[in-house]
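The next part holds the structures, each set out as structure tokens.
Here come two complexes built around chain A, the first alongside chain B, the second alongside chain C.
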Partner chain A sequence: MSALDHAKQYWYPVSMLDSIPAFPIVKTTRVLGMDISITRQADGKITVMQGDEQWQVQEIYDHLWTSPSEAPKPIFDIPEANESDRRFVPCGLVRVRCSPLRAVENFLDIAHFPFVHTDILGSEPHTEVEPYSVDIDADKDEVIATKVKFFQPQAAKSASDGIITDYVYRVPSPMNAILYKTCPTRDDVQDVIAIFVQPIDEETCDVWPWMALYDDDSTMADMIEFQQLIFLQDRSILENQVPTKLPLDPKMEIPTRADLTSIAYRRWLKRRGALYGALLNTSDNSVAAE
Partner chain B sequence: MASIAVALSKDLPNGRVMRAIVSEQDLVVWRSKSGILSAWENRCPHRGMRLSHGFVRGEALACMYHGWHYDKSATCRYIPAHPELEPPETIRAQEFSSIEKGGLIWVSVDGSLEEPLIDENLTPLRSINFQCASKTVQEVITKSTKLAGDTDPFNFTTKAAGYHHWVLFSEKKELNLHLFFHELPNNACKIHALIDKDCPAQIQKQISRMMESWRRSAETDYEVSAK
Partner chain C sequence: MSFTLYDYALSGNCYKIRLFANILNIDYERIAVEFYPGADHRSEKMLAISPAGTLPILTTDDIVLSETSAMLFWIARNYDAPDHWWPEQDLTAQANILQWMGFSSDLTATIGQGRLHALFQTPIDKDKMIKGGRAALRKIEAHLSEQSFDGCSFLTGNKPTIADIACFPYVALSPDVGANIGFDHDDYPAIRNWIYAMKSLDGFIPMPGIYAMHELKDHEIDYGSQKSAKAGASK
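Moving on to the complex of A and B:
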């Protein structure tokens, strides 16, 4: 199966639900290199067309999702999306010129916090990454990282002091990742932050961050601004990684123990043939200048 | 391919990092706090970040992404995520040969760093960027020197025109102007210019402006021919 055919089996986010215009205005975007148009019909139903072909849609996690497949794999579950006392915050999109897989890998990485999100999600000299565990959840076939801990000066909009933040990461499908982290205001629950990645093509993506938080004080605008700031900082990295695609050959990039999640993610992609946005062989390694 | 001039030495002070591109090879060129020059592949061996976004920390270059330190031998010496760990010697950035001569930084990406022969009497003037290929710039220079009439303060003639290195001579002012062409991808280039040491500041300024006028013509010519 080609990388593209494999990628066609999944659902992809293409818009926030509340930014789909009223009938008859058509919104256009791109998925896996294909142009699509999104229309809210007169009766309120949303349709997605790629040329003459109609794609399936579903409305979930505050976004519109679509798939080129006639029988896509079921979308992953986020049970916390049903907890009505959480605040659900779709954060808009960040366009990044990098492989969708690089965007997901960056989301799974904590070692960059002190250097990229300086004084927000990390700060020197608190750079050490303690050992943590990574597994493949056999039932769901997801990558799961647990017991991840990191010192954060300002873990969330609602955090006032530095705290040791605990993280759990899930990668339920190649272009989506979810993290659960210490809620700065409550001990008994965890905040949920996800990125849903829309693959524009193999080297461009739109990242749709989404949060499900316990935060009664911050305004929606503040929370979105906080998350946008974080992702813009990540973008300055993502657009400067070479090669643009994610290398799956372990000889091409050298990891350490702090990269266990990234190692597991790369292996998991390779095993399931999720190669859209990936580089398989060293020989593809054209690291030419732009 | 021989060595290519990528910058004037004075444009890369101690503790600074720059990006350079030589024959499609993306490079980080940097100078340690004590002044040691290095030119490496512009890619961190860890997760591929361009090292030209990094920072000099003393005698090391720190990658912007996860802060790994590389010393002057391009070997990784410090991984902040594991402060106690002594990184294996095998973690290395890819090095290229570089040298400073005549106030210029020279890099070779094919392993053959021949020492460039530079006239002792020259001093660096400036580097200038062009949004067009060096061939276009060379045509503009040829045309403008030919067209210069008697009123031109310099009346430059082309004394030598190699592939990368041109020498213009002004009989009126008894002045040599050396141009080192540095080809870049996507139809762009730079010129690194050297001039006779005894050239007065006022004249240096005039020549610098003359180079800017080449840029104006070259970039318009290019736009016209691209249409």
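Moving on to the complex of A and C:
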């Protein structure tokens, strides 16, 4: 199966539900190198067309999702999306000139916090990443990183002081990642932050950050701005990574212990043949998955 | 009397005011406005405050300002900033400052718009933006080169003025617009030096895309002594 055919099996976010214009205005975007148009029909139903072909759609997690497949794999579950006392915060898109897989990998990395998100998600000299665990959840076939701990000067908009933040990371499909982190204002629950990545092509993506938080004080503008600020800091780094695609050959980039999640993610991609946006060998990217 | 700033963290224009206020150590009230995706700056509530429908907005009991150049001028005068920011007695300097403050609108219209498109896919005439942005960068590069021949690190002299604050953000942010369109700083050595000069000012603060200089300042690498240390270890 080609990298593109493999990628076609999944659902992709293509718009916030709130920003789909009223009939008859058509919104256009691109998925996996294909131009699509999004229309809210007169009866309110949303359709996605790629040329003459109609794609399936579903409305979930505050976004419109579509898939080129006639029988796509079921979309991953975020149970916390049903907890009505959370505040759901879709943050709009950010265009990044990098592989969609690079965007996911960056989201899974904590070692960069003190250097890229200085005085927010990390600070010097608190740069050490303590040992943590990474597994593949056999039932769901997801990458899971647990027991991740990090000192954060301002873990969220609602945090007033530095705290040790606990993290759990989930990668439920190649281009989506979800994290659960200490909620600064409540001990009994965790905040949820996700990135849903729309692959424009193999070297360009639109990232749709989404949050489900317990925060009764911050305004929507404050919460969105906080997340955008963080992601814009990442964007500068992502656009300067070379090569643009994510290398899966372990010889190409030398990982350290802090990169366990990234190693597991790359192996998991390789094993399942999720090679859209990946570089398998330095010289040849057409080789099929093992 | 302090002021209220309706602000958006990712905006280069808003950053001008945050930066200048921080340099002058001024406390003010900051209100975040959801510029994207909500476009709240064009909401009825915000239009009632400033019909211009733009950010930032600076308000006091007496004034509502929507032009950053006017805000920088008002802050410099109202807070009694050191004279170099707005040279009170020097008409020539004032005229030159106003000249560059006018030019800062060209930067917003080209690089600023190009950056919004690069981040959020807002509609834009790309060719016009690239052409205009390149022309603006070349103009400021040529001018800063000439300034350096005269021993001046800043746009209108050897001390920074509100013209430097007005032009700095979108020049510094130009690489964000995209690769291979002539917006990288590699080709503009005078701009790079000026950016270092701006980042060295007391009270400098970063924003996404404009980072502090600590990578240059805190980790001074002495390549000579590193070599000799290595040679020592191999003995």
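Assume the second predicted complex is superposed on the first by the 283 of 290 C-alpha atoms of A that agree within 3 Å, B and C clash if a C-alpha of one lies under 4 Å from a C-alpha of the other, contacts with A are read in each partner's own complex, and residues count from 1 in each chain.
Everything below uses one rule, namely that a contact is a pair of C-beta atoms (placed from the backbone, for glycine too) under 8 Å apart; a residue touches a chain by one contact, two chains touch by 3 or more.
Computed from a predicted model, the values in this text were never measured in an experiment.
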| item | value |
| --- | --- |
| A:Val242 touches, of chain B and chain C: first, second, both or neither? | first |
| Chain B versus chain C as contact partner of A:Ala111, first or second or both or neither | first |
| Touching partner for A:Glu128 - first (chain B), second (chain C), both, neither | first |
| Partner chain in contact with A:Pro255 - chain B first, chain C second, else both or neither | first |
| Which superposed partner A:Gly33 touches (first chain B, second chain C, both, neither) | neither |
| Touched partner set for A:Leu232, first chain B, second chain C, both or neither | second |
| Interface residues of chain A shared between complexes with chain B and chain C | 236 |
| Chain A contact footprint on chain B (complex, rising order) | 21, 24-26, 41-43, 45-50, 53, 64-67, 79-83, 85, 90-91, 185-186 |
| Contact set on chain A toward chain B in their complex | 105, 109, 111-112, 114-116, 124, 127-129, 236-237, 240-243, 247, 253-259, 262, 287-290 |
| Chain A-touching residues of chain C, taken from the complex the two chains share | 8-10, 32-34, 36-38, 40, 118-121, 176, 178-179, 208-209, 211-212 |
| Footprint of chain C on chain A - complex, ascending | 16, 18-19, 90-95, 97, 118, 206, 219-222, 224-225, 228-229, 232-233, 235-236, 239 |
